[in-house]
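Take a look at the structure set out below.
Note that the chains take the letters A, B, C and D in the order they are written out, and that residue 1 is the start of every chain.
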Amino acid sequence: MARDFEDHCWKDIVDEEILEIYQPYRREVRVGRKPAVLAIDLYNKAYQGGNRPVREVNRLHEGSCGENAWKALEPTRALLAAARKAGLPVIYTTRHADTDGVRSTNRRMGKEAEELYHIKEELTPLPGELVIYKERASCFFGTPLIAHLQQLRINSLIICGESTSGCVRASTVDAYSYGFHNTLVEECTYDRAMINHKINLFDLHHKYADVMHIEEVLAHLDGLARERKVA
Amino acid sequence: MARDFEDHCWKDIVDEEILEIYQPYRREVRVGRKPAVLAIDLYNKAYQGGNRPVREVNRLHEGSCGENAWKALEPTRALLAAARKAGLPVIYTTRHADTDGVRSTNRRMGKEAEELYHIKEELTPLPGELVIYKERASCFFGTPLIAHLQQLRINSLIICGESTSGCVRASTVDAYSYGFHNTLVEECTYDRAMINHKINLFDLHHKYADVMHIEEVLAHLDGLARERKVA
Amino acid sequence: MARDFEDHCWKDIVDEEILEIYQPYRREVRVGRKPAVLAIDLYNKAYQGGNRPVREVNRLHEGSCGENAWKALEPTRALLAAARKAGLPVIYTTRHADTDGVRSTNRRMGKEAEELYHIKEELTPLPGELVIYKERASCFFGTPLIAHLQQLRINSLIICGESTSGCVRASTVDAYSYGFHNTLVEECTYDRAMINHKINLFDLHHKYADVMHIEEVLAHLDGLARERKVA
Amino acid sequence: MARDFEDHCWKDIVDEEILEIYQPYRREVRVGRKPAVLAIDLYNKAYQGGNRPVREVNRLHEGSCGENAWKALEPTRALLAAARKAGLPVIYTTRHADTDGVRSTNRRMGKEAEELYHIKEELTPLPGELVIYKERASCFFGTPLIAHLQQLRINSLIICGESTSGCVRASTVDAYSYGFHNTLVEECTYDRAMINHKINLFDLHHKYADVMHIEEVLAHLDGLARERKVA
């Protein structure tokens, strides 16, 4: 049975007044037609310091999402596997360490190792899967992503990765502007601070994407995989 | 004396753990060089139902920001006046009521009157000021704004308007991506729900813009006006 | 029987040496899948002064394409009719007379009447057909066209209009960059100077579009109309 | 003394009728303020086969511009040296050999060596100079070039490279759309077929750029270098 439109992680901080104001956005959520998976910034840097509280890991590894990243690892692995089984393209984004002084946000950063921006081994792209290198928060800005999506005849996106309040938000807003139907997988999306994660997910759900749970998306992908086998 | 980097409306909901994680974003805030004012969606629709609680006005006037919009009216009027006195271009954004089925967010809307999207009379553009008509949340998407800014040799933006979690956020993220230094005037920016307003302002301040108070920005513009008089 | 890849208006000015150099671009031309018609700048200004030599009409009506425009009128009318019969979206572009000093090219122009940029009556859009207002040569630059095409799930374009060396070229290059398959209808595309028309059509044919003859495109559209009737 | 507006390589193929039609585009040409040099696709592939006729070298080295490329080598070297002496940023473009099936034009190509897309040794970027990797004809499409130009506060471009009818044209049209004043250096711009080179240069000169001769541009850059020395 489908879960309620507001049955999401933001329940504990969004009150009844807000829900009334946002009532006109209620609608049935779904995965769109001709989807691709967009896996945003699943790079080593987000996992640095291990499966521990964000505050702790950030003391040594600035930018790490700590336990929030690690918690999303298994659902994300499952999402990618199901998508491939269903024949969906999987598109990754990351960046280069050195981009001539251009930064995706206002964070102060020293010199970094390129290895920090390699995709985490457990989630690594298969040969032939597209990796988009970006210099800004949105994976559409300053990249040929829209041209690849158009050439692949993709009409909707299943989005996961990090951070909810940074690259995921910016990329999802742009995808909506370009005319894609977007599904955001809650359990595969993460950030450092929980209140920012929750409010950004709330904003995205009401305005630019259908935030769905991993079991709903996996069920849909299994259906696509079965159809594909028959065909 | 300059106020602290975190002395803003989000103080009451952002705890000490978050402030520690976001410590690397601390920096001196400022208005950039060669600025223009970007006044986002200051149209009648946001003021409908009058200076009353958002929840109440939204029952009859969906999308109104109620008292939040009205509270920003006087500071915004002052900001526009000071900018013009300093010789800065003021650029407005709005939309047309009917855009062939394209919507800026997922809200369900019926037919609307074009008058709802006229700029509020007290803030109306002067003859010759640029008005950008957009179909999406960001005023850069699907509009010639970047070309006008480049032709005007503008290098930074002073941003105000609504909503913080919608068009202001999307536009500011894009402005940052394009390489502009952004100043967001806290008292001239508003939304319907306060928690979304605060968290979006927090995100923007740390990642994409310098959120400043109206008195700081007015002082800067007065300085520019004086220099201009001398020159 | 299909005409040869080089059987086009440029035959008389492109010599054997050039054809040898461009041999690697030879391929079968076609109309793509899920097409829309893109009708570029079919506005009154191009027809001013009537069906007379370009040089003559330009003395009084700068920017008119004279007899070149009038010659394309009947094939263009036929193209639009066939496209509608086949259920294809028809998308028009034009501009506003006054765009705050922004110009699509370096031509010096005085104040102009808005009526000059209305679509020619014989080719006028049907109610509900999309009209894109642009400020630059390419109808993708500074407009939401790509979002509309994505929302309509369009994967290829049938392009006509003017001028070959200006807006048609810029728009077709952008369409190719975005990943669309483009068909350009030779008899429905025109310019003022013939050598520029021919060389631009040659460039577009080899690099960015399939230049086809009106009878080939009409035959294809008739086929689509028949399939549609059956379905 | 300044040369006439039409004193360029296209003189022998553009007749008096065309010049009359294009008379309204006549204007004083110049290098713009705050310029950067944009060096388009000066990669090894264009020089393959050596300083011989294009037709000959293309038999073994598809895409080579042969003697046209080699003739531009010395003026281009001089242009880059003068620009650096004047303190101007020099920005290069090139591409990667393998871009997942995305092609900048419709040419059929087999597997290529990455080395073909390295910048020619005599013109190689200095350490720290920006190199933009593109997948399409225009160096603005799908790249962060506009953000770099905005961050560098660049307001005009001095453009050179190849090919006139491909990447140079597409990039210059986009630069004009973005609001840059463009200067194209005739002797440093080249193509394979001369008629396409000339007509494209004619189009660009009248609509989107000031085509200037190398000695005019070098004189301007020498002036900038002297001013810089004094300051």
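We take it that contacts are C-beta pairs under 8 Å (C-beta built on N, C-alpha and C of every residue); 3 or more make two chains touch, one makes a residue touch a chain.
Quick caveat, the model's predicted, so the values are computed rather than measured.
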Given chain C and chain D, the chains that contact each of them = A, B
Of A-B and B-C, whichever chain pair has more C-beta contact pairs = A-B
The distance between the C-alpha centres of chain B and chain C, rounded to whole Å, is 39
Roughly how many whole angstrom separate the Cα centroids of chain A and chain B?
-> 27
Residues of chain D that touch at least two other chains are 136, 141-142, 146-148, 151, 177
Among line, ring, star, complete and other, which one matches the pattern of chain touches?
-> complete
What residues on chain B touch chain C, complex-wise?
-> 100-102, 128, 130, 135-136, 141-148, 151
Hey, which residues of chain C end up touching chain D in the complex?
-> 13-14, 17-18, 20-22, 24-25, 27, 54-55, 58, 62, 105-109, 136-138, 141-142, 165-166, 169-170, 173-174, 176-177, 192-193, 195-196, 199-200, 202-203, 206-208
Under the touch definition given earlier, write down the residues of chain D that touch chain B in their complex.
-> 146-151, 153, 155, 177-180
